[in-house]
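One structure is given below, represented as structure tokens, and several questions about it will come after.
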């Protein structure tokens, strides 16, 4: 980063644009114990080893602090290229088992994902389909659906963009039955193989969704096959962002924005929890 | 967030400013096992419960994933107001012990910190002091030092800014003796009580440093007293960001920038690991 | 421990009894990811940060090792007196909130449980009830049931014994639906308030069961009330051991045995995973 | 287990021996945050996610519980055969990398260690050497030293015994400088290759020590070579128990005892924290 020749004037212009007023839309889920997630990953668990009043210093000060255990694919998160392999190979053609030797992916781990400050586009598929509450459970979002959303909104995807695909499934995140959002029984709507190719062909830098798996999942089907992961992470080099909050920007009609995401540089890990932002100007 | 009335034109201006070219400076440390940290907090530990090749699906796909355990005040991180109390009270005057009942801080936890997209200012204290390698160990950075840096650079702090105070101590982060950066024996340079008041008086929204504790620590002194934490987190409501990487922007002469930080919304936690960005225009 | 005056002759007699032949029955469940447990506790999760071949020393040697995260009330485990309070008081009459200040129970934590090498008695309630497959779901095991089992077996409980109460529910531990053993919908058979008083009146040192909660749980009822925990842990000072494997000793007709349990001395914790043994002679 | 034909009479004899009076010596270290350990393993960390008073039920009851993160080779612990390989092979000749595929050792994991209820022998090497405070730092305990201790005590090792080798180093466990017990600078006394062969030749079922590594470590040497681990775990099939508390039984003159150890059956793990017992009769 930082290869671009920057100037005080350029920064001044940027700060002036910011000073004109911004709205910052939060696209990340709160991390809370018991939130819905894939059971393949260690759940988020939090405790305070020290609370206020446990140890008070002579000067009246006291600190509280945390212990966290979690997987990196829980809550809103990004997948590094190290996460998925096909026929034993990662995106860079390297041997996947070899790349993870030592318990860390030095080459394609999440620490290698550069922070994103890029144009973002929301593709509101339910709006394009005329399905106000969202895509049906188990629905495969096709390339045509994505193109229809793009046309309807007037926000063509350009190379380097981050493309967030709304299915409407996010409304189920807070269902009291925490397994509903997982959709094991019902299936989950999502992008299929053809849709994934469309995203890659358009030059998306990263693709996101308001579901756990990004993919279309068949009812009762589990993860027998994850073609969108294969296409995006292994074949084409497009990052995947999952469990996003997209209903807010959809309701606000925000289809184009400055997308900001700064993954934790967890050395050698396969993913990171993130809190992405959609920034719009006034 | 999102209270501002935004317009497509505003967003277009913002994207135009971005399209003109950006440099994104990464201010976060990689999270790696064994990195220097305060021993008061659970260390960062990472493992891959599943590696590629462990379980290969019939379609040739395989996933690797992570298990993470850590405190929230390790690596580059932000302190929520819930982190520190004085005489039993938090920033909002609430009873600190009561606020943490249930093991989570509903009111002042790190999930209440709004993402920051703000003007940022680096105060390069070693440059102002004429100390090329950095402030001496255990040196207290005074209000005058901060004002001198501001003047020398021509970047006055304005209300709402995020102010990053460089001490030069960050050069020790990668010392083979992982306790050197902690500075228990030597002391650590940092802002003292008067400097903290200066930052709050100038209206800083958050203050950061390239050290673990932000504060000036006396040699051998440990944490007997943390006046800057008291002033900033308890009295004045200024967030603290620690263990930042500041040498890069200092070397590049970047003293003013768009500061972006999006803490993980860990419900009720006292802090969050973060990867802040300093964005400059071309 | 060790207050008794011991002699080489005493040890020789003990070793002679052992040398005559022993059968050691394992009463502990394997700890495996995804095993049934109460959702109130952090699940058991295991990973290998280092595997063989990751780092091979010049001499050809290599080590693999583990990272574990877990609650202490998962798998087969023992409850310390610190685990449960009633009306704000622990077993020793101390203020429960105060006792846990600092995040550790110095007085009644699991580290204060002395290892047990004692007479153990299995009370096989299904056999006494003439219910071959086990007590019905949600059945309350009464004092009469316990007395009937004791009579039928001819193994009266004596002061200081560890009493293991079999309900037959353990057969459901390996049900493919991992929530069946929790019995949230069906209820779970177990000792009620009167049965708990009977156990304490007989002088039991500890009481165990083949269920997660020891208690009788009503269908759909959750943990609204846990009277046996109150009686045993708070009022009478009897330890509770849960999620035991009891079908094997029941099938073998082993109702009396040397019970051995050595909890991990986790300083200040409220419980410990354990692997208790029932030792019988030849 | 349980293959032996057992009889009520045999159990009665065993219980009679117990009823005659026992002393149970605890050979395990308390697990406390910050205790000395090898830095190769995740440290023990404990927190209470819920304390008394956080959530009080309508009936006045309240529960406190724990979150634990740790390695399995911290505190007093046992090494499974899966822990160490040599030239790519484990004890059973299997390919070590292959055996750990899937992140768990199905064959030689710690869950395969049967609970031990066996004769135990303490070999008090400092007593045999006439070194009252313990073996010198970095001293290699030889086969002759072990044989001398055995002779002096009059407690010959027999096949199937568990042999605990006291070096005297355990006195340093509570040194305020928590790195002293690790002995990186000083070296640590322990059994060398020849001593390990002597233990295996005598038919030891398991061998233990009052140090972290069991082995003799050279000053400043680290773990360049661990011949005793190779001999015991890879070549001969003898379990290793580390960080034992042996000074108490040595001071009491207890050289022969009933040794009881019941490792947690952590499926597929390379070791387990344990709390072993030395039981002697009255």
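Order as written gives the chain letters A, B, C and D; numbering starts at 1 within each chain.
Please note the rule applied: a residue touches a chain if its C-beta (ideal position, glycine included) is under 8 Å from a C-beta of that chain, and two chains touch if they have at least 3 such contacts.
What you are looking at is a predicted structure, and each value in this text was computed from that prediction instead of being measured.
If you take subunit A and subunit B together, the chains in touch with both are C, D. Across the two interfaces under comparison, B-C and B-D, the one joined by more C-beta contacts turns out to be B-D. Subunit B and subunit D have Cα centroids lying 43 Å from one another. Inter-chain centre distance (subunit C to subunit D, centres taken as mean C-alpha positions): 24 Å. Annotation for subunit C: residues touching 2 or more other chains are 42, 45-51, 53, 67, 69, 103. Contact topology of the protein chains: fully connected, every pair of chains touching. The residues of subunit B lying in touch with subunit C in their complex are 33, 45-49, 51, 67, 69. Of all residues in subunit A, those touching subunit B in their complex are 1-26, 28-32, 40-42, 46-53, 56-73, 75, 82-88, 90, 96-97, 99-100, 103-105, 111, 114-115, 117-119, 223-226, 229-230, 248, 252, 254, 256-258, 260-271, 273-277, 279-282.
For subunit D in complex with subunit B, the residues that touch the partner chain are 34, 39, 42-43, 45, 48-51, 53-55, 69, 101-103.
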